[in-house]
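Multiple structures are listed underneath, in structure tokens.
What follows is a pair of complexes built around chain A, which joins chain B in one and chain C in the other.
== the complex of A and B ==
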């Protein structure tokens, strides 16, 4: 796609999104109680809380709902199935770049080798307007270590950069183009000064991050299966088993399926987020569990996030640096902490001779 | 799509969470980032709260017993059925023949309303809360010592503590937000001293772990106090505190060297523990059900409070249920009025007699356990139970089921057809905290709003509405509006003064301020305990993080229920070897009153001579093995440390 910079003046933002709202539901950051913010249906452009920072509850749920009814069925004389999942067109406005990168990862996962029709339908109906982070919204952010922010080079539909009285407006996909086209008359060509302003944001980005993560180091150790079980067990010993790390990870895709009996005698098949951190997630019908200990389950999560086999399969490692696993963890098992501990302890584990050889 | 901010109804931490609702269904849930407790985090029960309380088999219609069966009926019919049964019993045997047990899971408004209904509408003194089955012993103990019947500090104080003494709590699995902050404290250099026979997941964060003999807490607590006083480790003004001399005198004659036999503790270890907490102020003394359900639990809490007072530290109570604090605050106990005013105090009685327009007796009514015994003996003719699965949460399941079966009239209000509801004469379908408004008070004494997310499931109603309907059947006007009920509470109970829904809709609630409480040291006398004999093992009952209490709710979540497909008990490998029982085989755990079958696993975290029996759900509860023996002061049953024997199931 050709890189094409335009300008959407903030004075035109109300008209722009009012016009878009005629075609699809708008979802955007909205203020709740006492400074809490979440993505919600936006009735008026005034509700969009552009300076929201970051949200705990990832917008992945508009494509992979936390709890979703898939279909309803009866099994009296004959089995009747009635779909209950009926996604409507939606635009997610103000989503962060890391969350868009994560959605691209999920899109890949849910398309190959088996297409997940529910995810696909949600995705086909969704256009993403991501907002570049001029400064990292939270001290836990480390997207810059994961090639998933603060801005995106590709993979976005429409990318907005706040330049004060205007947004720099970039279209990155056919879907983005289609959502822009009816309103293209509101866009102005970007001036060299606008492009320079954006370049300054890019140049200064790396000095603004407080959290860094040596993901490459972890990829090496984990891909080579070199991390001793004791390190994983030590990490597992402090895990609270709450499952927040996987629930809130914008990349995590795992779900469980339940059949719920309704009061009228019908059944609803629902799916809801599940976590590899629970024993029940991998226990086999025989009772055997390939991930029997807490440490082995923590290991599983990090293999999935950083091992080379998944990079080959999915095209990138499974972390976008959003920092939610740091803030949501009841202990200290966020990705940067674990990577740091693996790096340190690996060096402690190596006998002195090998250490010498390494130098 | 909408988001409603409410307070989690599982443990007593009281996290604020947003529940996302679409077309009458829950479609999402997440923690508040700015709330002082949840801080952007939830525990496993919080994350799975909604499937647990919205199970497919929720009660949708009132049920009344016709012969052998419970049949669905209308609300009018169920209320009339209950009211006429109760009126008949009052006419024949008087109001005192009716007992009422409330819940520590329902809202403050509901607990208060139930107390008012019992005392002013029915006119019975026999009203008690489910806290009697869990942690009620801390109330008389703390009223006598710290003067604050609850935690003295907020959760935010934990990471700043210099030392923490934590007794008898599986805190990491049951109160994750306390556990998480203890970990923060330890990372900040705080010395954490844990005292528990069994090592739990707190272990990586502790400086010292003492494994006392189960049930011996009072003995080592007296030793701690003795060392603190003898070595002058107390704060400067301690000797001038009221009760200091009496305390010192009560500790005379303790031989620290005897601890090895009485508590399985090495004197040097005990000295080290005392030194760690005394030399690292500020100290927080925390205790959970492990301490609160032992023999002489009131004395144990007084002793622990003394330790905190002597060291100039503070007490934090690690209670089980979400509204344990609030239920007691609003007077859901047999011997107190709202705001912890004593029933025996004529001035306090006068205040509430005016509010409720009734006469109040000075004598306390029966405790929950006494009510069960009275059902069996026939003294009680009717029992009303709101929101507590007494059949499983009371001790001595066999005797409890027989008592509930024997009582002339049993009415139960609950979400599900629990083991208790199954044998009732009338069952009221109650709605969950997602379907009603009100307030809960958390472990920090913080009053918090519960907000309605969904319309009630089926025809279920809040306990507040059910109590108001029952009241109306007796010709009494009781409000079903939670906001009005809170106004009534806050205008007469000094501790809730100034609290209102309006204020809670503007900012997070604040912990209530204790009224005129001066710390006082209490003497701690020695008690002697009989030895084991035929029953050579001590039982350690615990809770696991996937389940809450009797599992009525958590068992409904497929994610929570699947985590442990098999109920198990743990023993030390040496004991299992000595008994010749292999891990994976079935064992029978036998107490004087009952027996229980579990699958054996071995664990080094369980000391020799003990068996660890976690709570699960569906009737497989270690409570079954306990007797009706209680702490003599508070009437809390002894669920911990009783003697059992183990047999292989062949």
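== the complex of A and C ==
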């Protein structure tokens, strides 16, 4: 597929997305009465709230629902099993680069080495319209440290860059091309000046981040299991086990499975989000729990986010720098803080010679 | 010799997925229920679909996800002879919701089966070596197919020793097998119980107390172990003292599991998904996974 740039004038945006909405459900940033912005089903293209900085709630649930029926069955006389996955075509519009990167991470996880049929079906039916971040990032954002933003080289189906009165429109996949084709007449050719304008935006965007994350240092310590248990237990001692960090993380995928009886007497096997921060996550039926302490569970979360072993397994580290775990956590056990604390406290554990080299 | 618990020939979702959806089970019928101990039963199962039954192959050490319709799903290891193709057996301890429902099943009831999952005991690589099996409680269940397989190809292995520990004489699994195996002259069986009773004439104490009673050539023997985590720990330490190298101590690990196919995340140890890359690991492999540190 040839990379090609065009222009979508802002005055054509309503018609463009109204036309897209005839073919698929639109998901996009929507402002609630409270003023918060969340990803939700968009009834009318007017509800797309383009002007947001960062959405606390990621669009993860449109690909990996909180609760997802896997199949339904009856078990009175005959056992009849009926799979229930039937996703409708959808476009996620105005999604940010970090969230697109997270979806690609999940796609990889759910297709290798064994394909998860539900995630695959959802993703096959989804077109991602990425919106480059050229508003100042929130103070929690650090995608720049995680190679997942503020714009993307690949991974999107369509990428939009706000150039004032128009969007630079960039198609990144066959799926994006297919979704563009019926509306291609609304697009204009991009000029070299448009592309230069975008380059300037990229340069500016780079310099505006406040949060930095010392992931690289943490990768070394965590991968080699060099972080003393005491540091983990100190970190874990403040955790409320609420699970907000993993629920809001666009990368986290863990789920549990339960059979539920319906009012009509049939049963549904349902999967729902779970969290490694909960004590019951690993507790075995015998009562033995391989991760019995808060510290061991916090260590688990950051091992999965940053370890070198996982980078080899999944192709990148398990954090896209969206900063949601910082916003969500009452006790500030967000990724940048934790890796910063590990870096600082590990410094005290280093022998004097290495310490000197460190500074 | 480097032992690596191999990836088996067949694993649902990788090589042998009967339906388009790897989360949907196949139906099997309970043919026979055997009471093992007060809280343990063995279920003999056969697939309803005879064609599928013919193609269903598995290897010692692998497991299935068993659905009790109306209750849920739980991972259970194969417990029978892998050469027996018309049925397979699982041995289940009553623990919680699903296993309780399993214990309420009757002959002729239907269950759902997904699998086989996981890797297997490295029986091929062990040929020509002596074999030591150390097992505790219901940990004998996943080892039973390996024992039967070794006995079926007895000439290919050296000395064969089984050490088994149960809590009380009533808690011995597969009493009929243990008694028959003890009579054989091509294998040696030693048993112990934590707490004896009047009828018990054998050893009393934890399974490691049996090590004093046997002579094992640590250099030329492969040890297979399965049991509670604390048992595995002390058995491994003993074996190391006896001269076993880390790659000749092979263990089947247990973890809370939901999906069996490396997606739900529950069974993950460091970056290794036990359900697809385990449950069988050598101690050498375990040492790499620091969450498994003894």
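The definition used in the following text is that the second predicted complex is superposed on the first by the 348 of 359 C-alpha atoms of A that agree within 3 Å, B and C clash if a C-alpha of one lies under 4 Å from a C-alpha of the other, contacts with A are read in each partner's own complex, and residues count from 1 in each chain.
Everything below uses one rule, namely that a residue touches a chain if its C-beta (ideal position, glycine included) is under 8 Å from a C-beta of that chain, and two chains touch if they have at least 3 such contacts.
Just so you know, these numbers come straight off a predicted model, no measurement behind them.
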Practice item. Using the overlay on chain A, decide if chain B and chain C clash or can fit next to each other. Key: fit
Revision key, fill the gap. Three-chain overlay: angle at chain A's Cα centre between chain B and chain C, nearest 10 degrees, stands at 80
Exercise for review: Examine A:116 and indicate which partner it touches, taking first as chain B and second as chain C; both and neither are also allowed.
Suggested key: second
Check your understanding: First (chain B), second (chain C), both or neither: which does A:19 touch?
Key -> neither
**Study point:** First (chain B), second (chain C), both or neither touched by A:327
**Key:** first
Check your understanding: So, A:261: does it touch chain B (first), chain C (second), both, or neither?
Key -> both
Check your understanding: Where does A:274 make contact in the superposed view: on chain B (first), on chain C (second), on both, or on neither?
Key -> both
Practice item. Examine A:309 and indicate which partner it touches, taking first as chain B and second as chain C; both and neither are also allowed. Key: second
Review point. Taking the superposition as given, does A:283 touch the first partner, chain B, the second, chain C, both, or neither?
Key: both
Review point. Once both structures are aligned on chain A, how many angstrom separate the closest C-alpha atoms of chain B and chain C?
Key: 10
Check your understanding: For chain A, which residues lie in the overlap of the chain B contacts and the chain C contacts?
Key -> 256, 258, 261, 274, 283
Review point. Which residues of chain C touch chain A in their complex?
Key: 13-14, 20-25, 27, 67, 69-74, 95-96, 99, 110, 112, 228-229, 254-256, 258-259, 261-266, 268-271, 276, 290-291
Point to revise | Complex contact set, residues of chain B against chain A | key: 1, 3, 5, 18, 20, 25-35, 40-44, 46-47, 50-51, 56-57, 60, 172, 176-177, 179-180, 183, 187, 201, 203-205, 458, 507-508, 545, 558-559, 562-565
Check your understanding: Tell me, which parts of chain A touch chain C in their complex?
Key -> 70-71, 73, 75, 79, 81, 83, 85, 109-110, 113-118, 225, 253-259, 261, 267, 269, 271, 274, 276, 281-286, 288, 290-291, 300, 303-304, 307, 309-310, 313
Practice item. In the complex, go through chain A and note every residue touching chain B. Key: 32-36, 38, 40-41, 56-57, 61, 65-69, 237-238, 240-244, 247-248, 256, 258, 260-263, 272, 274, 278-280, 283, 287, 327-332
